[in-house]
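Next come the structures, one after another.
Two complexes follow with chain A in common, the first pairing it with chain B and the second with chain C.
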Partner chain A sequence: MAKNRENEEVRTFAEEADSLWLITFACSIWAIHFVVCYGAAAFVCAKWSSNPAVITNMRVGLGIISVLALCAVSYIGWRSWVQWDFLDDYDYEHDLAKEEHRHEFLGHASFLLSVISFIGVIYVSLPILFLETCQ
Partner chain B sequence: MKNVALISLSCLLLSSCSGVQSVLDTAGKDASVLAHLFWVLLVGAIVLWLLMNGLFFYVTRIEPRELSRRAAEALVIGGGIVFPFILLAGLIAYALSIMPDQRAAGDGVVVRVTGEQWWWRVEYDLGDGSAPIVSANEIRLPVDHRTEIKLGANKVIHSFWVPALAGKMDMFPGRETRMAVEPEKTGIFRGQCAEFCGESHALMAFQTVVLEQDEFEQWLERERQDAVQPTEAVPRQGEQLFVSEGCGACHTIRGTEAQGNLGPDLTHVGSRKSLGAGILPPTAEAFSNWTRHTGAIKPGVKMPSFAHLSDRQIEALGQYLEALK
Partner chain C sequence: MTQSTQNRESSSSGVATYPPTEQMLEEKIDKRTQEKTADRLRKAWETPKGWRYWSAVNNSEVGVWYSLTAFFFMMCAGVLALLMRVQLAVPENDFLSADTFNQFFTMHGSAMMFLFAVPMFEAISILVLPALLGARDMPFPRLSAYGYWCFLIGGIFVMGSILFGVAPNSGWFMYPPLATKAEGVGSDIWLLGLSFIEVASIAAAVELIVGVLKCRPPGMRINLMPLYGWYVLVVGGMILFAFPPLIAGDFLFELERSFDWPFFDPERGGDPMLWQHLFWIFGHPEVYIVFLPSIAIAAMVVPTVAQRPIVGYSWIVLSAVGTGFLSFGLWVHHMFTTGLPSISLGFFTAASEAVVIPTGIQLFAFVATLMVGRVKLNLPMLYIAGALAIFTAGGLTGVMLALAPFDWQVHDTYFVVAHLHYTLFGGMVFPLIAGIYYFYPFFTKKQMSVRLGKIAFWLLFTGFHIAFLPMHLTGLMGMPRRVYTYPSTLGWDWLNMISTVGAFIVAVGFLVFTYDLLRPKGKQPYTPRNPYNAGTLEWSHNIPDEAWGSRSIPYITSRYPLWDQEKIVERMDAGRYYLADAPEGKRETLITTVLDAKPIQVMRVTGPAWITICAAIFTGGAFIFPTFHWYPPAIVSGILAIACVLYWLWTSTAPIPEQKTKDAGLGLNLPIYASGPASAGWWGVWITMLGDSTAFASLIFGFFFYWTAKENFVPSGSDFVLASYLVLGVLSFAVTWATLVGARALNRRGSTKTARNLLLVSALFTIAGTALFCLSVVNSGLEPTSHVYPAIIWAIMVWTVVHTAVGLIMLGYCIAGATFGKLTPEHDADLCNVTLYWHFIIITVVVASLVIGLLPRLL
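On to the complex of A and B.
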């Protein structure tokens, strides 16, 4: 009997366990994108600061990585939006210990984090557009 | 009484908007761009402040009723996310767009400046293979030319800043940083170490003298020459004291046996606009005071005071140094 209840709880929370991971993805992409951009710029400028071709290649490469990062954050944002299911009931509050509330709360939080991460990736990427040299 | 204090304080604050060390009273291309950036940010901040406080006033005093859900959402999303995102993106894009010009390389003479405790070692590299022209605590630049400045430091960090000409650049031991300045006006502009570097950090300043191109070239030619030997009796006695007291162990005076490298080069110290890294006037009296009360004038300085010399000897030393034009 106790075992059945335990299995039921595992099933109930399985999706929430996945959602916890979903919350971390957008911010992680932002963080990784930040480290890759600054690491690549530091490395290339330390080694090849006088070689414009290498710097151009780096900017193009980081530009592609930035677009991919934005796509990935957008996908996570979309998944979160669907999980929040806002247009269903226009519900901002998820304060009850119910499966639906947990589910939508995690979607809601993940969606907002995706918005911040999207903006963060854009701001981190802006120097790629403007700075053409290592000076 | 309160109003008088307020007006006095305002005048005091406004007085810092002009003068030889003001970021708002610019004399260089880079500083002008930075001052413009400051005004853009200031106007933006004022508009934002008025908008936010106006809105706050409106919803609490003029129209204190509950907003509809849709209006509240529009306010939070529009005012809290979309508006700041666009505004900040615009400001970042503007700031980034001016950076390449700020970092543009110089042409002509390269000035190498090394931060010491608490003075500036200055070397002019003409780029023609000749030995650099060594000076200290003063930088001379040609007007309307972009001059490359290479920066280094000895033992501790410093920061090179002439607010009227350009933004500041940090100086690190063991690493070379760079910047370039492009003065647009002739004159004298004050520079200051802008990174805490020890007990006399605040007393580590310098004068930047901007000259017309031909005047600058003539000055460089004079600066390259050895020191002129004094002809009058008192300065000659000062010269002998300089040698007998061992000053040459730390200072160089080209054309004499003084070839030390620990302290500032004094070959043409009398022609500089200040003494002791921008803190004293270049008069014989100030030279004498400096020699006698070195540690009191600049706490922590490595140069010992020569208070054991008689008044006459100190005066002779001062006259000798002041005569090194």
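On to the complex of A and C.
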């Protein structure tokens, strides 16, 4: 019994991880991608702004990271789509007091947030594509 | 079998009767029982009378004080704006001196943001949220009261400084070196006074998040939660990540002002840009922290006006959460002209454009709801319509300003002033007034005048455009912000005169509104109970007013229970639902699970108290005395504040109940005591520490910032932190943490004596660790005033040891609890919370020691 109670913290997180946290995942990937892009650019431009080779490498590196971020967001989007399970019952409102509706609602919200995050990652990647120097 | 097992089993047998069946709800309760239970409940929730009234902690009292105080500060800041407009009405005016003008615009911005916009959100949420959730009160009522008193004291201190002509005068963003070098106490008043209020804001955020997650009525699953709840959740989360960087910035700034540690002084390796980053990492999300809760009001008003459920509930959740995240990627758009690399500016332009998408989506959802509904235009909707119009215009100039090349043209001109007032009036002021009109019958059981409301609307709406529309042009014509006067040859005269006229029309509008808000309505009959035929729970309120919040806590199966759940109000009134009685005379509310809102605990909440006011006064002293460099009284105040808080916690939080479980109604038997993640307190600590870690992360960011931005951040030949002391210190803290975790486990197994001894070991190692950590820096020969490198090391050390010292007090509290029977194997909430605190602290200690001990050697 005592052991059971000790694991309470772990279990609570596990339950939440399955659910409410899901809606923050896609946006978190956007945030991490954003911070990595900003941090890398700030660092490279502060230390090697006169060296075009380093900047090119940085742009390629960030490009790869952007593609990875898009893949990760797509994966979250796909998982949320499965959780939403729209094509099963075409439920869009999720306004009933049922476990299923709660489950599908979180999938739906998370799916929409994945779409936003996907667009956000593309937006933030554009400067890497177009700007060839720090200035 | 331990007591806790019994708790669990009795509660699980209780769950068998949950959810309640229609038959159970149908059962009649006889009149006499109804009256008897109502009397007992009324007595438990009675608001103190006479002078004791001020000891009240109930959300309905604290919320009213809070909102009226915030409103008062708004009016003060508004008067400052009017005086500035008088000064600017004609060229070369000498109505105000340059210094007074500087103080006025600084205080106008600071007060509107810190003393009005954010506190107003907290105030309205404290007032409305429990009712929306059918809850009795907020989970930590004394914390709300403490937050309010802190806000009042801090607000009067900061606002009052203007009467003595010593107010801060470097702009609401306090840029160094102007603000660090500013003479007088103005900058210190800003830093310490507002830090004090920020602490209160974080307290409110913690309470609101826990309220939304844990205090929903049974059955209100996360997909049925009122949209207001979603917004509060998002905004609470944003406060936790946005305010701490500013607190960290304030900490560094005040260390520079008071002790000359050169964080922002380029001559000694510092960098003023760090302040700008920390300020705007707070400052931009702040704009959305202000906007989202106000637009949340629109999300409540619109379905009522359209008489149908909101269109696109999931889309609005997307909007709130998405805006919350994206708003953290915008801060540099306030710093486009600081010479950052263009590629960096590009990222922020991109994110600033992206945030328009979620922000726009919710507005479209509102419009769609109105289009498909049967709209009955009322006063709140009139203001919402005005808000949408103004906000959209402000949003469009926002899209323009987010483009770096455009921003370079109009940076620091009146164009920006126009833009920000359009967004804040449209995004905050108008929806807020709509909310006040909408909820007024709920707050006071009376109604405001429709005629005066319309007059005020047209004055505000037209006045606003007359004042701020010309400013776009003034700005494009080149008039800079924050100048106290201008020559007449530049063609700005007539535009400024028009703006001034507009400002006075706005002021008249506010006067009409204020008169209507505050005029006595004693003779007016009570309002109908649900005057707009709304669907959400707050309109089940009692008329005349009752302090209990909700006669009985309902079982919810719909987003709009008052529309969809037949007889719900009648059954609530009859006490047919949960917690209809208070046989022990205690204030209680239900705690439910995060996702599905299954009832899990009857939580006892605290009642009226003076100790919260004492704690706030002494906390105020600890912040206010250092402004004048009076350190001894500040330290005494700090100690007394800690003493008050300890007394408050010891006497009233997580008391051991007289029985293990109680009948919550409808056959549900729930535990009264909970510890660990099942308890609200644990969530409070978790959320607070999340905010605290953000502040710590900001300090660490500072270290890396200096390393990136400065050529010789670790000057060659510098001393290092003493490794031996540091390693021993970290090991001591590791022992602290391990023994604490061990003590918690042993205590639960019933070995209370061993657990207590382990806690003592834990405390001793905390003392040792703290001392070693201090010595590793103090004895290293690093002189914090000499250069930014030793200064940031000292700052990280001070931050860490303050936290371990607080951890020591917590350990002492647990030892006392174990000694005096407050901490037992079944009642270990305090120990769980302290362990959680130390989980965070051990991470802080490890990161801090790596950054100050290892990194400088590697770099």
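Methods note: the second predicted complex is superposed on the first by the 118 of 135 C-alpha atoms of A that agree within 3 Å, B and C clash if a C-alpha of one lies under 4 Å from a C-alpha of the other, contacts with A are read in each partner's own complex, and residues count from 1 in each chain.
By definition in this document, contacts are C-beta pairs under 8 Å (C-beta built on N, C-alpha and C of every residue); 3 or more make two chains touch, one makes a residue touch a chain.
What you are looking at is a predicted structure, and each value in this text was computed from that prediction instead of being measured.
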Just to be sure I read the superposition right, which of the two partners does A:C27 touch: chain B = first, chain C = second, or both, or neither? second
Taking the superposition as given, does A:H108 touch the first partner, chain B, the second, chain C, both, or neither? second
Using the superposition on chain A described above, determine whether A:K47 touches chain B (first), chain C (second), both, or neither. second
Let me test your reading of the model: by the given contact rule, A:Y123 touches which partner, first (chain B), second (chain C), both or neither? both
Partner contacting more residues of chain A (chain B vs chain C): C
Could you say whether A:Q135 touches chain B, chain C, both of them, or neither, answering first, second, both or neither? both
With both complexes superposed on chain A, which partner does A:A97 reach: first (chain B), second (chain C), both or neither? second
Chain A residues contacted in one complex by chain B, in the other by chain C: 119, 123, 126-127, 130-131, 133, 135
Please name which positions on chain A make contact with chain C in the complex. 1-2, 5-6, 8-9, 12, 15-16, 19-20, 23-24, 27-28, 30-31, 34, 37-38, 41-43, 45-47, 49, 92-97, 99, 101-102, 105-106, 108-109, 112-113, 116-117, 119-120, 123-124, 126-128, 130-131, 133-135
Complex contacts: residues of chain B adjacent to chain A: 69, 81, 85, 88-89, 92-93, 96-97, 99-100, 103-105, 178
Can you name the residues of chain A that touch chain B in the complex? 90, 115, 119, 122-123, 126-127, 129-133, 135
Could you please specify the touching residues of chain C with respect to chain A in the complex? 2, 4-5, 219, 221-224, 309, 313-315, 317-318, 321-322, 324-326, 328-329, 340-344, 346-347, 349-351, 353-354, 357-358, 556-559, 594-596, 676-678, 708-709, 745, 748-749, 836
